[in-house]
Structures are given as structure tokens and as C-alpha cells.
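Can you keep this structure in mind? I'll have questions shortly.
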Amino acid sequence: MSSAKIEVIEKYCKGCSICVDFCPKQVLEMDAFVVKVVKPEDCIVCMQCELRCPDFAIKVHKD
Amino acid sequence: MAERYEIRFSGAGGQGLITAGIILAEAAAILEKKHAAQSQSYGPEARGGASKSEVIISDSPIDYPKATIVDACLAMTQESADKYANGIKEGGVLLLDSDMVTRDPKGNFKTYKLPIMRTARVDLGREIVANVVALGAMIALTNVVSRESGEKAVLAKVPEAFVALNKKAYSLGFEMAKALI
Amino acid sequence: MSYDYDKWLRPGKLPHIWCPGCGHGIVMKGLIRAMDTCGLEKNNTAIVSGIGCASRLPGYIDACTLHTAHGRAAAFATGVKMAKPEMTVICCGGDGDGTAIGGNHFIHACRRNIDMTYVIMNNYIYGMTGGQFSPCTPTGMKASTTPYGNPDPIFDISKLAIGAGATFVARTTAFHATQIDKLIVEGIKHKGMAVIEVLDDCPTSYGRRNKYRSVVDMMKRLKDIAVPVAAAAKMTAEQLEGKTLTGVLYKEDKPEYCEQYAKVIAKAKGA
Amino acid sequence: MAKKVAVIQGNTACALGAMYAGCSFFGGYPITPSTEVAEVMSEELPKVGGKFIQMEDEIAAMASVIGASLAGAKALTATSGPGVSLKQELIGYACIAETPCVIINVMRGGPSTGMPTGPGQSDVQQAKWGTHGDHATIALVPSSIQEIFTETVRAFNLAEKYRMPVQVLYDEIVGHMREPIEFPEPGELEIINRTTPTVAPADYKPYDTSFGDVPPLAAFGSEYRFHVTGLNKAQDGFPTTKAELVDAEERRQIRKVESAENAAAIEKNEEYLCNDAEVLVFAYGSTARSARYAVNEMRKEGIKAGLFRPITLWPFPEKRVQALGKQVKAIVVPEMNLGQMILEVERVTKGSCALGGVFRVDGEPINPGQIMKKVKEVM
Amino acid sequence: MAKKVAVIQGNTACALGAMYAGCSFFGGYPITPSTEVAEVMSEELPKVGGKFIQMEDEIAAMASVIGASLAGAKALTATSGPGVSLKQELIGYACIAETPCVIINVMRGGPSTGMPTGPGQSDVQQAKWGTHGDHATIALVPSSIQEIFTETVRAFNLAEKYRMPVQVLYDEIVGHMREPIEFPEPGELEIINRTTPTVAPADYKPYDTSFGDVPPLAAFGSEYRFHVTGLNKAQDGFPTTKAELVDAEERRQIRKVESAENAAAIEKNEEYLCNDAEVLVFAYGSTARSARYAVNEMRKEGIKAGLFRPITLWPFPEKRVQALGKQVKAIVVPEMNLGQMILEVERVTKGSCALGGVFRVDGEPINPGQIMKKVKEVM
Amino acid sequence: MSYDYDKWLRPGKLPHIWCPGCGHGIVMKGLIRAMDTCGLEKNNTAIVSGIGCASRLPGYIDACTLHTAHGRAAAFATGVKMAKPEMTVICCGGDGDGTAIGGNHFIHACRRNIDMTYVIMNNYIYGMTGGQFSPCTPTGMKASTTPYGNPDPIFDISKLAIGAGATFVARTTAFHATQIDKLIVEGIKHKGMAVIEVLDDCPTSYGRRNKYRSVVDMMKRLKDIAVPVAAAAKMTAEQLEGKTLTGVLYKEDKPEYCEQYAKVIAKAKGA
Amino acid sequence: MAERYEIRFSGAGGQGLITAGIILAEAAAILEKKHAAQSQSYGPEARGGASKSEVIISDSPIDYPKATIVDACLAMTQESADKYANGIKEGGVLLLDSDMVTRDPKGNFKTYKLPIMRTARVDLGREIVANVVALGAMIALTNVVSRESGEKAVLAKVPEAFVALNKKAYSLGFEMAKALI
Amino acid sequence: MSSAKIEVIEKYCKGCSICVDFCPKQVLEMDAFVVKVVKPEDCIVCMQCELRCPDFAIKVHKD
């Protein structure tokens, strides 16, 4: 059970699905036109989604 | 039909609304021998942003190619609804994508709602035919051209491989809209 | 933990105009991280671009930003740098902007070895105008003005920059996200003309036309063709077929232009 | 059998018109909103063995067009705003070297990058004065898809007939709008080709005036050899600074367009309800479509309005506008700029009638209502 | 103590005038007959820590000038004919981005390469219309070495005051001739610098109209950060396509030059013996020198001739010329071109008097005799 | 015995406008000998230049000659060649014309590998306008716009051409008169873009200002700095200090542009 | 001296005649406080070709800076003599280089001949001072400025090292011409 | 005694003296502004003068 909080800024997300495809743990999924966090508990905080999102639309917070 | 009939298709760049307008213009001009003019306006964005495509259909030559009082309008996104769903005449028609537009534009016209994008993606499996679904629906709501002309024009534009898909998309849109009336 | 891009972003400008999956956003993030790493001062940093999708980048960044005319970034930037040599000057733009209409200014900035960092986003196409071929569109590929396949050979931007006299030349891709800022940092620290080419993706105007099924497809390709210079040294010509070298391709220490001009001033005042 | 009809874009009509005219070379550089012209040419030209090349910039595009024309091709380039400004130096070269070619300017909002996707009519004075030095200008301003086709053909004809660059200017609205077009049959429209020399190669002079104001033009790679320069030249094509020769050459080049006879041959206007008009709307391009709509509306209201629509904008239809200026009470000039051609109307009407302008530079078309409002003001 | 006097060339006077005005950057590319301006700047600028750079072409030169100006420098470029045509796109950029700078055009014979070593006045309409899109133009036309110095200073003042490019046009004759000049003492001529912002950096908008039609301009590298673009922009400097914003910005930019108040402040003419004149000679640049000679000769012969010499050519001295047009029987316009400013004279005089032109494009100056002859013809 | 240049010279055009001792005349003679050797046909040969003293060359030669605008020779020539691929197209001009204002057209002609031979007469200066520095004026030297010595680094034209994609690149000097025609002959025979740089002398605008006592002084210098590629291979870096390689510097076989375009036509007609 | 005096120096580009004109203008304007204007015209050639330099000297401001009726003219080469030795007023002065000009221009003016180039090369050893020799001669023949002013102006223009040479050149030219009168 | 005839086209010669300086046998000399053939008999027909003259002004004929 990871302590990460994944924040999606919906009005920035353009639904390109890069984050979904690069997430090694299938934490994310496309829902209609924006990404949705489906398995936050599986997040290993690799930060791939945040790193690669071209739209500043997803952030991984670790507390 | 009125001397001059004005239809506006609006949505996001890349949704194929300009094509929808062109197909309608072809249906009217080539198949129904009317006068028709299609024009558009778009932003700097290649995708996204609000864009509109207008079609004027008339029994006599068309001078001013832009809309004056819109008879029927389509808005596929909230942004386009806010920006372009205006100047619609009293008793005119406004069709919205029910998933995408949450704040309805207000006015003295009949507003219809259909899940156009969803239909394209879910029922037809290809988002790119959303514009054909929308076209079918608009033709159903306006009768600006006959159902047949509309279909013919659509099929004339698509490659062999996609005929079936587009045929389906067109009728689906047409039927869904008929059901609303 | 999450990277704070906001301190370099102009408030209220997002979402940017780029298409879903456009690599320009990835490059912009790399640039921000690089400026941050270098500890640049916003008031002392000029970001100059030409015209094109890529050239819209400066508008999003909270610095002294100049969105010029198509192809002219390097020439405007030269004026800024000469007038205020103490400023850090960064140029950015697309392959078309930088190597087609902007080719002359690009090679002359390289020749002068004026201290600026030019980040060129090579997405193989003219994106903003809807996908006409650029001097970097691979031969044979499809663009809206090459319906029968592109007959033109391409520029190797890095080779061109070296041939013109640039003293720091590096290449990476939008896939190699973290390498983007590393190389830009080196470029900014380098005294002289630094060219960083980032192989980039344009799903809308290039990808679709050339049968890439998705953005990730394009990213995969960028991953596949990239070979770090070091690794390449150990590879055969056959193995390198169709690959592109990444990393620092060329580095040399040479007098920087503004410093040279400072000597002219000293001489004139002495005289 | 009925003619082929299609619903196409203005830019497509332009390209197909060029093909109809026998264009065999296109040198361009993409720019909104003219790019579709290049896109269609890139597809059509090779089908007939023609050449399409996308050059490194607009200057190179213009250069390639002049080079190709001197090698015997009917050559075309198409651009917009910033590209037109960049081409200015070489447009002047085409003028002084008397090289036939056609330049399409699909007008957008300006200045500079301005509003690339918005329509404008702000380049109409530039068309005449953009390049340095004295030179003659032919500029055509079609206002419908059908007319873009036919005027592009006419542009090639005029370029070949008078051995000079001809510009076709239309705004983004007609450039991108689509309406039905009837394609003329081959042979239906007249096609003019440059006169080539008949003298013996040894006697050929590229600017030989013994054949009148438009000297025959040979092609590189033919049996004729000659020299071309952008310097003031003598009839043999070689540079000269002899005052009398320079003077004669410069004035001849102007005469090609402005001599009474030639100007009349180049002039082309549409007059709609002008005979009994008390108020005239002077409009061109897409704005003329709004104007016609307005004129019709006003006629319904009993206002004796007429439309004067120049199709050849340069040389300016001086005599005709002057005459109408004496006939009507007022002339209203709607333009998608801040008042350019109205200056010419003012110059030639010499205060004989009231003038009113309707100017827009906000990227929106001028609508009929604005024109009607202004007409009522000035009357 | 007497002032420093020297016999220098017009181009040298121009460069020294720029130095006097506080010019700190020159970006250029050599071209006859303007090159000496660059040569002198390359020697003078570094002496005061200023920057001279010879760019790869005229486009780059113009770009560097705009860039330097945005970084706070008073920037100059100088060129001729072909170079002026090449600069057109970026002159438009300087207009829309409202960047102060001065462009010197030493006019030679045209079009194209034309007659590089011969004088001309054929770029005067280009000065107003050369770039695409609507924009305002300030163009000054000095006619003596002393005046080239002072008008170059005024050009910088106007550029800084109105935040825009200002052009100074003079022909090769005054550019290359030498005559004595008295150098003004430092402080003797007014020097205007751009207004810089006083608001807090956070509140700064580069096109903030709350300070009037000319917004304060900060410099890159100062405590102010901002964005500059060639697209139509809002007051905050960022691109917009909102019709009302675009319209407001475009019209404001024109107002900077053409509002009654500003136009009056920019206008500058010399009237010589005009009060009782029955015939007027309208002339500028070196041609005005021949005209003055002619006027004096004609006065001796008892002809009531006067000289109207615009020193600011654009905006055109509309009201004054109109008034004189009502006073005199005829206006004669000598120009080293085929009739450019005479069109403006024709427009504003609206037929109130006879008009005659004396045009030369053969590389030779217009001599007083030609002007006198024409005056006698038209009277 | 005496070489008959007249058959390629336009009657009545001599004496040419070049100054006493200007190397351009020597290059022109080499070009004539080369065209002669290749047996070119006058009607089928286009000679295209820009603006400058060097660019006045075509006017003297009895062929299809095109004296264009400053810097635009390669772009005009590209139009001529595309329209009539069967013609032999030769470009010529100065270093300023070709590498300053003309730099972009030059590198793009190299990139396309279009079949033309570009003879660039590098006299280190803008001669026609009276001696302002060019991108090839050696750093530190005097020109009318570098009263304190030239602060600019130079272009190595050959290196630039190779970096841009030229497939034949050679260099010689006005001193090596007979090598001029040899290299131009190779260039003409080469299918693709051939660049021949001839180091040249401008006694009037460069020599006098830079303390060359005579034309022969300038010729001597050209002789001294030249090192044939072969010889250079056996020399040390120190020995090569201040020298320039002469001979064929680069040669490669690559598809030629017009031939590539012919394939486009075939495809389009096939389609 | 007349209200307006016009002198033309003509020869080949590179012979320094523009400089000669400038020096004369400086002598008149700065040293003798007259009004003076110097102008030139030249061809495309950097060297050679025919070029001319005109100086107008007057007691009142000079409007038209070009020659109208030439009071005195110098021609250093045949080409310049053919091209520019015209418009000389009756009784005016024409000075020719006796080696270079073989066909004398005809007209109602006094023609003088001196081996100017040869003097510079042979007697003074430096061709570049031919223009100063010519200037000295023209001043002697015209008296448009005093001998002293002319000399002062010449020396003011030349670097230290060449003062003696130019002083010699000037007086040589002046004396040779005086001897002709 | 060489059989060469050296022809100088005076109206082309600009007196640059290249031919004089490159002639290995001092056959040529500058006279005022044009070259003069002073020792034709010494000419070894090396053709240097003809080869290097930038002005097409000197030709060496061998009969």
C-alpha cells in the first residue's frame, strides 16, 4: 500500500494516454478523454507519468 | 425550405466538423442542385481549440457566405457551445453533445442532446466518425437535405473500406435524432 | 517529491495549445528543469523563438520572452545578447523554423560562437501549418506536400551546426526526458553557441500521416533509434544503420563572440 | 453532357486554374492560409510531368519561380502576408527582368504574423508599392471560387502576354470557403503563351523593342542564348548606366501596363445596378459578396444602390470610377483593412461625391448590415 | 567659441547624428549607397561602449535591431533599395510589437539591383506600404547634410516617443555629397528616451493603454519581465484573436501617428515664398534643392513661385497641401521616380489646382531648368 | 598553342570591370577551360550568379547567363535546373554572396544534392561595396567595417558544404591556376551538388587595407598556405598550422535531386 | 570670383579625384569661409571606369549641388575626357593629362596639358599623389582658393609621414600650371 | 632565339604586372600602365604570363 497521492489536473489533461502507457503498474487508465487513477495503492512512485506528461497534468505527491 | 438556410457545426479542431459541413454542402449543391456555400473559422491550434464550420443553403445564388441568423447549430464541446452557439434564430435548432456540454446555452430555440462522441466511440468503435453521426442527426433535425442525399454525399467521400462504418454512423445519428423529435 | 514547474510557468497560461501527445510539452518541461538546475534568474533570462508550434514555448515561461518571426529567432537573439551580454539567452523552435527559413541565421550564430543555447525541437515536420515536409522529414515519408513520398534528403542538424562552427552540439529525444535537461544544462553552462537537438513527435501532422498507431508508437521509435555516442563507438556500421547518436556530439572551447567584441570596445576606447 | 461540378475550396480552385492555364512549375513555402494551393500543386503537377518544389523560404521560392520561367516554364508561387513581404525584392527582379510568373497572395490579418487564421484585405496597396523602385503592377482580386479559377487562368495569360509578374489577391474567406464550381472544358478558356523570338539566334536581343513594348522571350536551353540581370539594362540585356537607355527601358516597362490601350485590355470590373445608382458601393474580394447582399437589401428598401466590383485592382479603374463618382451622390468603400483602396477612390473622384469607408481589421468579415448602415449615413 | 565645422558626407552626418541621439546599437549589412553609415558606426560605437554588428543579411540586421531595442538599446540600421525590400517583413514586426528603432534608406535607382550608384526617390511609397497589413508610418526626408544630422536625431526621438520604427529616406545625392556642417553642442538638440514603466513589475503590461496610446516600454534584463509577439496581442502582450481586442490594438497603433494631435506634432515642412505664391513646387530631398534654385530664378523673372518642402513625408502634410492647393494656380511635383508623391498631392488637392510632374529615373538629378520649364507649361 | 578563350567569351565585352590584378579573371579563365574540356554546349549551359564583383562573371561568357540578386544564385539555379534538368547548371559568385546573404540557399542546394557546380570565389571580402568584412574575412584582419580588426570567426566554406550534405567539395586558389579547371571539370562531371572554393585575391578592397604590397604578394600567400590533401596526410598539426588543404576534400555518390523527382513523376503518372 | 564657381575633376575610379574635390571644398568652406558643396558620380567598378567629382563654391548658400555650367574641368584619362569634359563655359578652363588624353575635347575654352600621372610616378615616385598634383594645378589655373588655403587643406588631410611628399606634389602641380599661363 | 610571338592586347591590359612577376626569364617589363615585351628572344614558352593574366591581355603564340 503506497503512500503516494496521484493528482490529475483534469483541465490540463488532453487524454494522450502517455502516462497510462508508461506506468509500469497499470495504476492509470483512460476514462473518456482524461486519465483516471484506478489503482493508487499500486503506485511505486517511479514518477514516469509525471515526468512524461506533456501537459503538466499529472503529479505524484509522496508524503 | 426557406430562401436561405444556415447551419453551423461547431466543436474542437480535429473533430471533423469542417468535413461534415463540406459533405452537407455537397449533398445540397451536387445532389439536390441547390446553391450552397461552406466556410469555417478556426484558431491557431492544430488540434483542440474551438472551431466552426458554416453551411449556407439557398435556392438562389449565395452572396454573403457567413451566417447571419443561424437556423440550426451543433456544438460538440463546451468551449464551442460557449463561443459559437449564438445568433440562433427564434425557433431554431441547437444540438449538443450531451457528455461534453454541461452548461447549455440559453435562447429561444429548441435544444436537443445526444451522446455523439460516445456513440462514435462505444457503439461504432471509432471516434473519427463522430462527425458523421452528428451530420446524420442534424439532417434529421433540419430536413435541409433528404436523408438519402445526405447518405450518398457521406459515402461519396469515404474510401471503400469505411463505407459500412460510415453508413452505420450516419443512420445511427439520423435515427437517434428522429427519436428526439 | 513532485517537481514544481509552476515557479517557471506563467500563471494562467495552461493548458498549452499543443495537441494531445505532442512532445513539445515534454521538451518544455526539460527546459524548465534545466533553467532551474542552472539557477537562472528570470529577469536575466531571455527565451527567443520563431514561429511554429514549438515556437509557442516561450509564452508559457515566466522570463523575458520573445516570439519573433518565422525563422528569425537566432537573429533577434543575437541583438538581445549583444545589447545585454550579461543575459542568458535561450533560443527554441522547430526544425522548420530553425533549418528551413531560419537556416542562415542558425549557421551564422554557430559561426560567431555567440553565447546562446539553441534548443531545436525536431519533429520532422511543419506542424503548425498542418504537416508539410521540412528539411528534416525523412526521405520517402509522407507529408501534405509530398503525396508521393518525400524526394528530399534531410539535414543532419548536428552535422550542419558543427560544419558551421558551433562549439557545443548535442542530441537527444522526447523519449529520453531526463537527458533533455541534462544536455540543456551543459549547453547553458557552455560559453558559446550550444545547439541541442531534441528529436520530437508530432502525432497530428506527422504521426497520423505516417501510420503511427499512437503517440506511444512514436515514443518507442525514438527510444529504438537512439544510440548513446559511447555505445556507438563499439558498434559496427551495420548495427548503426538507421540509428541516431545521442548525447554530446561535439564540444570545443573557442573565444565567445561578445567577449571578442568586448576587446574591440577596449581597443576603441584605448585608441 | 453537363460540365463537371464540384464543391471545392478557393485555394483548390486556384491550383486547378493554374493547371488549366498550363502551369508546369510551382516553387513555394507553406503558410496559412495559402498552403492548400501548394498541397494541390504537389499532387497535380507531377501527374503531367510538371515540377513542384518546396524551397527553404519564400525568397528562394520566388527565385526558383523566376529561374524556372526563364527556362521556359509557366511558373507559380503562392503565399500570404509575411511571405509576400519577403518576396518583395525578387518581385522587383521579375519586373525589371520582365519574367512572366504568377504570385498568389491569400490575405490574412496583419501586420507581421498578425492573425494567421483570420481574413484580411490589408495587402492591396502593398501589391502596388511593396518592392522598391518604380515598376508596373497587375493585381487581380477574385471573389468567388469559380472566379478564383478563371482569374488564375487570366493571371497566367496576362503574365505571359506582358512578360511580367502578376499577382492574384484574395482573402482567407474565399480562399477557404467552398462552393460549387463548374470546370471549364479544355479549350473553353483562352490560354496565352509568351511570344518567343522569330529572329535568328545571333540577332536575338531579350529586350528588343522593335517588336513593340513587350519583347519576345526565349527560353534557356533553347537555340537562343542570352543574358539576364537585375541591373538597369539595354535592349541586349546587358547592364547600362546610360541615362537615355535606362530612361527608355523604365518607361517602357510602365507602358506595358499603363498605356491607355493596355490598361483598357487589363481592366476588368463588374458593375451591378450601377446605371441608375445614386449611391455606389466599391468593393472587392469577399467583401464584395457582402456588398452585393447589402445592395439587394437596399434596393428592396427603395435605395438606389449599386455595386462596383473591380476584378482587376491594379491598374486601378481610374476613368470608370471617376465617371461613376460624378454620377452618384456617395461612394461607400468597405474593406477588411483600415482604408486602403478608398485612397485611390478619393484620388480619382476628386471630391465629386461623398465618401464613406467601412473598415474592419478584427478578423471578422464585414457584414451587409455594416455596409447598409454606412450608406444611410453618407446619403 | 565657434562651433565645430566640418565638410562631411551625408552618410557620415547620419551616423554622427545617430551617435548624438544616443544610439548604442547598429545592426547592418553593407549596400551601396548606404554603406558609409555602417562604416562610421563601426568606428564610433565601440568608442562609447556601443555595439556594431554586421549581420548575415538585411533581414538579420533588422531582427538584431529589434532584439537590441527590446533589450533597451537605441538601435539603428541603414540600407538601400534591395535591402529595404528584404526588411519589409520585420519592419511590420517592429510596428506591431511597437519597438522603437530607426531605419535609414539611402535611395538609389530601382527596381531590383537597378542602378546601385545612381540616385533615386522611388522608395517613398514603399516606405508607407512596403510591409503587409495595416500599420502607421513615419518617414523623414532631409535634403542637406546638416539636416540629415538633425533629422536622424529627430527620427530617434520620434521612434522612442511613439514606440515604433521610423524611417529616414534620402537619395544618393545628399547621401554622398559633402558640404559644411556645424555640429550641435551636446544638449543643444532635444533627446527623447522611451518612457519606461513606473508600475510594480507584477502589474506591468507591455501594451498597457491606461497610460495613453503609447504604453511604457520596459527593457529585457531590467526588473520587468514580459512577452513580445508578432501576433495580434492583448494589452498583456499575449496573443489574442478576440475581435474587440484586436480591433482596439490595431486602431491604437494607427492613432499613434495619425491622430490629429500626434500628426501635427510629427509634421514638419519648410515653406519658402509660399505666402504670395501663385505656383507651388512640391519637392523633397535633393530635388528640393533644385526646386529652390528654380524658385529663386523664377522669382527673378517675376513668376510668383513658392517651394513647399515636406521634411516629414509620412504622415503626409494633408491639410497644409490642401490649403495651398486652393491658394495656387498650379502645383509642380519634381521627383526622381515616375510619379509617386504626386499621387498624394492629387488626392488631397481634389482638383483645386493644376498639377504637373517632372519625373526622372535615369540616374541623373532633376535640374532647375526642367522644373522651370514645367512650371511655365502648367501656368 | 595559345589558348583560345574567345570561343567561350561574348564578343566585345572585354576589358572586364575587374580591378588590375583581381583574381576573378583568373578563375573565369579556369572556368572557361573547364567548360571547354567537358565539351559543354553553350545552349545547354546555364551560368547563374548573385551580386558582387565575382557575380559579374556570367556576363562575359557566351552561354545562358543569369545575373540574379545578391545571395540568390543557388535558388534561381534550382528553378532553372528543375525546369530543364538536361541543362548543365553552374553557379558562381563571391564568398559574401554565397555564404553571407546566400548562406541558406547554399546549404539547401547542398542538402538536396541537386546537380550543379558552384564555383565560389573566396577573396575574403565584400569587394564590390568597397571592402566590408565577409563571413570569410580572417579574424583580426582589417575591413572598412572592422576598423579595430575583425572580431568574427570565419566559415570554413568546404566544411559548411560537407555539413550541409554536398557530395563533391574541393578547394584551390587563384595561384594554382591549372588546378582550377581540373577541379571544376570533376565538379561538372559529378552528378550532384559540387562545390569548388577558389581562394582568390582582391587587391583593391582587401589587399591594400591589409598591407599586401602587391598583387604578387597576395599570390605568394595563396601559394604558401595551400597544402594538397595527400601531402597534408603526412603532416603534423603544427606543420598544418595556418595552412589550407587543397584538392578534392570530399566526394560521395548519392541520389541526385532531379533524378529523385523524376521518380515522383513516374509514381504520379503511374498512380 | 563669380557668385557661383563650378569645378569638375574627372578621371578613373581609384585616382583619388573625389579626395581632390573634398580637399578643395574644405579649403573653400573651412579656410576661406565660403559656401561649398562637393558631389560625385561613379560607375560600378571599384577601380577604373570613369568617375567625376564636382565642387561648387559660392558666396551664398548652394542649393543645386551639381554643375550647371562648368568653370573649370580636369580630365585625367581619355575615357573621362570623352564622358565628362563637357558643359564647360565659354572661356572656361580644361586641364588634361598629356600622356593619357590623346583626343582633346573641342570647345570654346582654354585647354591646358600637363603630364600629371607621370609627374607623380617619376618625379615624386608615388602615383597616389597624382590627385594632389592635379589639385595644385587646378588651383593655380583657377584661383578659386588661395595657394595657401589649398596647401593647408591638403596637409590637414594627410598623415604625418606623407606631409612632405604631398607638399611637394602640391607645389609641383601649382608651379607647372602657373608656367603654362 | 625562341620562335615564340608574345602578343599584348593593350586595351585589355590593366598593368597589374602579374605576368612580369611570373615570367621566369624577365621577358616582360611594365611600361607606364601596360606591359611591354622587352626580351622576346628569351621566351621559353612556359606560358605563365598567358595562364595567369586575369585580363586575357597577353598571348604566347608558337609557330
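Letters A, B, C, D, E, F, G and H name the chains as they come in the text, with residue numbers starting at 1 for each one.
Here is the rule we go by: contacts are C-beta pairs under 8 Å (C-beta built on N, C-alpha and C of every residue); 3 or more make two chains touch, one makes a residue touch a chain.
All values reported here derive from a predicted model rather than from experimental measurement.
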| item | value |
| --- | --- |
| If a chain touches subunit A and subunit G alike, it appears here | none |
| Subunit G reached from subunit C - shortest hop count over touching chains | 2 |
| Geometric centre distance via CA averages, subunit H-subunit F, whole Å | 28 |
| Gap in Å, rounded to a whole number, between the CA centres of subunit E and subunit A | 59 |
| Between subunit E and subunit F, centroid-to-centroid distance (C-alpha), Å | 39 |
| Residue list for subunit B, restricted to those that touch at least two other chains | 43-44, 48 |
| Contacts with 2+ other chains: residues of subunit D | 43, 46, 56-57, 59, 82, 89-90, 93, 112-113, 116-118, 229-231, 239, 241 |
| Shared interface positions of subunit H, touching two or more other chains | 14 |
| Subunit F-facing residues of subunit H, complex | 7, 11-12, 14-18, 21-22, 45, 47, 50-57, 59-62 |
| Residues of subunit C defined as touching subunit E within the complex | 10, 13, 42-44, 46, 48, 51, 58-59, 62-69, 72, 75-84, 86-87, 104-105, 108, 261, 264-265, 267-269, 271 |
| Subunit G - residues contacting subunit F, complex | 14, 44-49 |
| Interface residues, subunit C side, partner subunit D - complex | 51, 69-71, 100-101, 103, 126, 128-130, 132-133, 135, 144-148, 152 |
| Subunit F partner contacts - residues on subunit C that touch it in the complex | 100-101, 103-104, 107-108, 111-113, 135, 148-149, 151-156, 159-165, 254-255, 257, 260-261, 263-264, 267-268, 271 |
